[in-house]
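Structure below; questions to follow.
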Amino acid sequence: MSLSVGILGATGYTGAELIRLLHRHPRARITYCSSRQYNGKSISQVLGFLRGSADFVLEEFDAQAIVNRCDVIFSCLPHGAGMGFISEIIDSVKVIDLSADFRIKDEQTYASWYTEHACAELLAAAVYGLSEVYRSEIAGASLVANPGCYPTSILLPLVPLLREGLADHSGIIADSKSGVSGAGRGLSLSTHICESGESFSAYKVGRSHRHIPEIEQELTIAAAAPVTIEFTPHLLPISRGMLSTIYFHTTHDEKILRDCLSTFYQDCPFVHVLQEGFPSTKDVRATNRCIIGLARNQATSRAVIVSVIDNLTKGASGQAVQNMNLMFGLPETDGLDSIPVFP
Amino acid sequence: MSLSVGILGATGYTGAELIRLLHRHPRARITYCSSRQYNGKSISQVLGFLRGSADFVLEEFDAQAIVNRCDVIFSCLPHGAGMGFISEIIDSVKVIDLSADFRIKDEQTYASWYTEHACAELLAAAVYGLSEVYRSEIAGASLVANPGCYPTSILLPLVPLLREGLADHSGIIADSKSGVSGAGRGLSLSTHICESGESFSAYKVGRSHRHIPEIEQELTIAAAAPVTIEFTPHLLPISRGMLSTIYFHTTHDEKILRDCLSTFYQDCPFVHVLQEGFPSTKDVRATNRCIIGLARNQATSRAVIVSVIDNLTKGASGQAVQNMNLMFGLPETDGLDSIPVFP
Amino acid sequence: MSLSVGILGATGYTGAELIRLLHRHPRARITYCSSRQYNGKSISQVLGFLRGSADFVLEEFDAQAIVNRCDVIFSCLPHGAGMGFISEIIDSVKVIDLSADFRIKDEQTYASWYTEHACAELLAAAVYGLSEVYRSEIAGASLVANPGCYPTSILLPLVPLLREGLADHSGIIADSKSGVSGAGRGLSLSTHICESGESFSAYKVGRSHRHIPEIEQELTIAAAAPVTIEFTPHLLPISRGMLSTIYFHTTHDEKILRDCLSTFYQDCPFVHVLQEGFPSTKDVRATNRCIIGLARNQATSRAVIVSVIDNLTKGASGQAVQNMNLMFGLPETDGLDSIPVFP
Amino acid sequence: MSLSVGILGATGYTGAELIRLLHRHPRARITYCSSRQYNGKSISQVLGFLRGSADFVLEEFDAQAIVNRCDVIFSCLPHGAGMGFISEIIDSVKVIDLSADFRIKDEQTYASWYTEHACAELLAAAVYGLSEVYRSEIAGASLVANPGCYPTSILLPLVPLLREGLADHSGIIADSKSGVSGAGRGLSLSTHICESGESFSAYKVGRSHRHIPEIEQELTIAAAAPVTIEFTPHLLPISRGMLSTIYFHTTHDEKILRDCLSTFYQDCPFVHVLQEGFPSTKDVRATNRCIIGLARNQATSRAVIVSVIDNLTKGASGQAVQNMNLMFGLPETDGLDSIPVFP
């Protein structure tokens, strides 16, 4: 069996990462790539590192072409921009949307953080694509809302603990740090080597980052009680990598917490719970893995969890491919079975 | 007036930073540098970047030479290593110790986190050198215990708020990130470019970093109540710079918190409280400044403070020079009045 | 068919890169890993990023075990250290040596740059493993001397031009820049983030780098005339990547030079000659590729070539796997068919 | 005595560096800063790192205000943009132009590499501001053309050797590497952390970089014979720092070459000739220094010189301040006497 795959908005970093991963996928091949800005050009003219390996001509969006040539579409368009296209094709092809458009179940909440929703009627059917947590729902879905990078790094360690009532759902803090690729390929002073290189900063401090409603929606479901989170994103002077340091109150000891996570993820090839020590972002670089380390501080009766992912892989395109595998009944690790690039 | 200054253990990063800063000091000159490892060599053979600018012959420790040639001594020796030397000379010259040896007032606490104290009799007279907080005590001191880098970045924003009762003293969390120079010039895999470059990690998670008792001692004094802190240090892939993200509960609004800090630091040339926005480590690079940004999150009734310093300057050698200025009645900014190196 | 592969000295960076590449190889599996320093430990205790993906117990060198369990051995030992082991097993298994021990054909030359040779009798049979240049010899070899990283980046563009007489063989200059991983995992001030991070320097300037005799041996063969090269290595503040800027005199125009290289490498999946523009090291990161850009400067009647490789992949372990594929008649791209990790 | 100093185009990196250096200058104060883009704003709104240290209101260009308020003007405008302004004020105030507009003596050459010259009548009086080489001419000048960064790093080592006939003036090659700040604060993919961070590349290979005519003009004067140079610029993944590796033929030995340079620069506080070894860019970071190391390669009868500067300091704003000091008879080191920021 071979899947025919299309990518909308293929020239950004998540599109480039999809191309890298699908190139190694044994059962999928790219048959369609769209780009409004560069349509007509070959993708290697836009992404020079593809010269001599993979290449495609970039096309304008064409619903009919997609229906004819694709089994599944990855949409890498910014929030709001893909809604129209997706509603045109969703009856004929499966869609994995990497934007925020179908992550937030509540239309008002989406509108208050993003913009008016143009096809809210699709929200009910959309499945939140946190692969390890919603494996069966994803398997039956035709529209998957691929999670954000920060939410993935925070939800993977917290969801099992909240479900089991092992973490106090009030007073959770996530102090997260992301590589610059999370900001995309667009130009701004904050991605300039001279401004953010050899430096470190916090941004959107307080209740201002758009990933907050997504994180709280899923933590609330897991805890079966309303969860409000304290979330502070930071910018690391590296291209790839994300680390979240998560604090919560618990009366349970380290072993119970660790066993809960180990059990929940025992059949999950990409989530690894450390028996001791803590991971670095380099331990997951360019892989679909999430590594979790944890400690409990007796003096504060708080637990501290450190989770790392590659923001472009498990935090975006890698999880999207994992979801495609689940949607089409392929081995979950197809195209994703790799060892970190180290050093 | 011209001060004669000596440095014990001059060849590490804090020693190098002292030489850089004192070179620009209008009223101080270096008259003595010791190094056990390199004694007899000129310092520029050990620190190549000094070639052609400043140079000294490195000597072995010699109490008599110090007494004859120095008004004040900076000790850059590791904890435990300088105690003996300091007790030999403390009656004749003023001493600023950059190690942890005289920071912890309680001998047992010091012993439990570090090692047996060899001259505990000096602890009572030693003054904790957080310049802006203990300005008058430092002015009269002959032995100053220069604060650690993490404590400086955490105490400067918290002490005024705790003194005024504007921050809840229970449940304080400090998530701190440091440049690699904090680990010193010694060799280890964790300072290897291939291991920690292009990467990010947490270390000593839970109640294990030696700066915890120092932070809690000072927060407890400020709050006039016992404070237990949650502290997580992280390693940034840059040479210099430290950022602490600090979380605490408070019922007071942003303006009240900001006004408290602005008032406390209004006559302090090195501490800058932002009226809006948040600083990056590059904003203080190679300066003695601390910049503080703050936000209050209504949804969590928590305040989030971001403070940045250069771990080698305000976090070590810069604050040491500031303390020397205070001890000798010199203008506080002598040798320290510089604009960040940007970009 | 499945090859059983052993690695001597598996815990350094070239060993780690071999493990990463072989993990994806469809027809090879690792059956033996030796480490004197860590024998008895599992490799994931030494290389943390392998936790949860690949793992092996590290053993001491054991000729009998190797003969019983391996079809081919990669030796990642430093020069001089592997000779003895290799001569013990070379009659029973094929060997790819990543050290310099079998690269230099002339015993005296080897001795003058390295050390006395312990098994010079093997030199005659050893094949220099520059894959694209010695493809057929490698296919028949039982001992392959895997080229150095600098030589690979310099020889790939120059050999075809010298063979065709399109480059003047006198006055060749190679100004090369390498990432830090080329220095290995050992500790030294020059691999300390604070010393070499955010910095750039030249080293071993003049006729002092040990790769010079290797480069000159192969250029001399290609030119069929004695070649003396000017070679200056530099240290880049990055983990991986190598770029060589090569200058030589020629009376031929850009098109002739480019056509010569394009023709020579037309059936080579890993060497890519640009029709215009110049590559960056990121274009080959973590791949076995070499990308070559070239310009001719009319004003100086000189050509300038820029070639990039990943020093750990095409510059070491990737080319070693490519040579294994050639030695055993496997598809040349097995285990090596990947797109650069970008960004 | 106190100089009143104005800056045209103060919000770029060279303007920021001028502000940093002048802030420490004992005999100069900034009395005027212009910015077309940001006029009316305070400079700390544009360059956040100035918050709390230096601040000025940015004004539009106003010849009368400049004449009334300034003794000297630094123009940091791009080539072509400042000509008009400068000709308006040059009769009343001294001008140091950091652009290329007055570096090239030959109007046609300037036009062929840049653009039509708008005030060529000023070219004759303009002095090329390579401080150590044209000290006396600069002292008498009212218009100084501040050299480019690449030319400074190449000319300082070569001019004395060519003057003395110790370097063959044909066949000179300069392989130069620059930090990203040389590209300015403007936005482009090549300054994006994800594109050029953790990477290295060559650009404008062959006879295409605009600094070539400037370099050749000065080498030709020094050699008293026409010099054509081979020049290849490269982009380093760091903010600041420039290293040039220079190759030329010579029959003279290392000692003679080194003595020539040491003698030429013996009274020059900023140029340091190493007796052995080679410098790194970190050795000059944020200083006005140039450090030169050299070796002669007997086998090639070539000499290799490595010179390092900070591209923003000796390569731009630092040399501009040095030239101001010379023009007004101030001590050459005023505002520039600092030790590198290390690490």
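We call the chains A, B, C and D, going by the order they appear; numbering starts again at 1 in every chain.
Rule of thumb we're sticking to: contacts are C-beta pairs under 8 Å (C-beta built on N, C-alpha and C of every residue); 3 or more make two chains touch, one makes a residue touch a chain.
Because the structure is a prediction, the values reported are computed rather than measured.
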Of all other chains, the one whose Cα centre sits farthest from subunit A: D
Subunit C on subunit D, rotation in degrees - Cα superposition, rounded to nearest 5: 180
Gap in Å, rounded to a whole number, between the CA centres of subunit B and subunit A: 39
Whole-Å gap between the CA centroids of subunit B and subunit D: 36
CA centroid of subunit B to CA centroid of subunit C, Å: 46
Interface hub residues of subunit A, defined as touching at least two other chains: 13, 181, 194, 196-198, 237-239, 279-280, 282, 285, 343
Arrangement of touching chains [line / ring / star / complete / other]: complete
Subunit B contact footprint on subunit A (complex, rising order): 171, 173, 175, 177, 194-203, 205-207, 228-230, 232, 234, 236-239, 241, 243, 245, 247, 278-282, 285, 293, 295-300, 302, 304, 306, 343
List of subunit D residues in touch with subunit A within their complex: 13, 180-181, 185, 187-189, 191-194, 196-198, 237-239
Touching residues (chain side subunit D, partner subunit B) in the complex: 13, 16, 19-20, 23-24, 47-54, 181, 198, 239-240, 272, 274, 277, 279-280, 282-283, 285-286, 289, 291, 312, 337-343
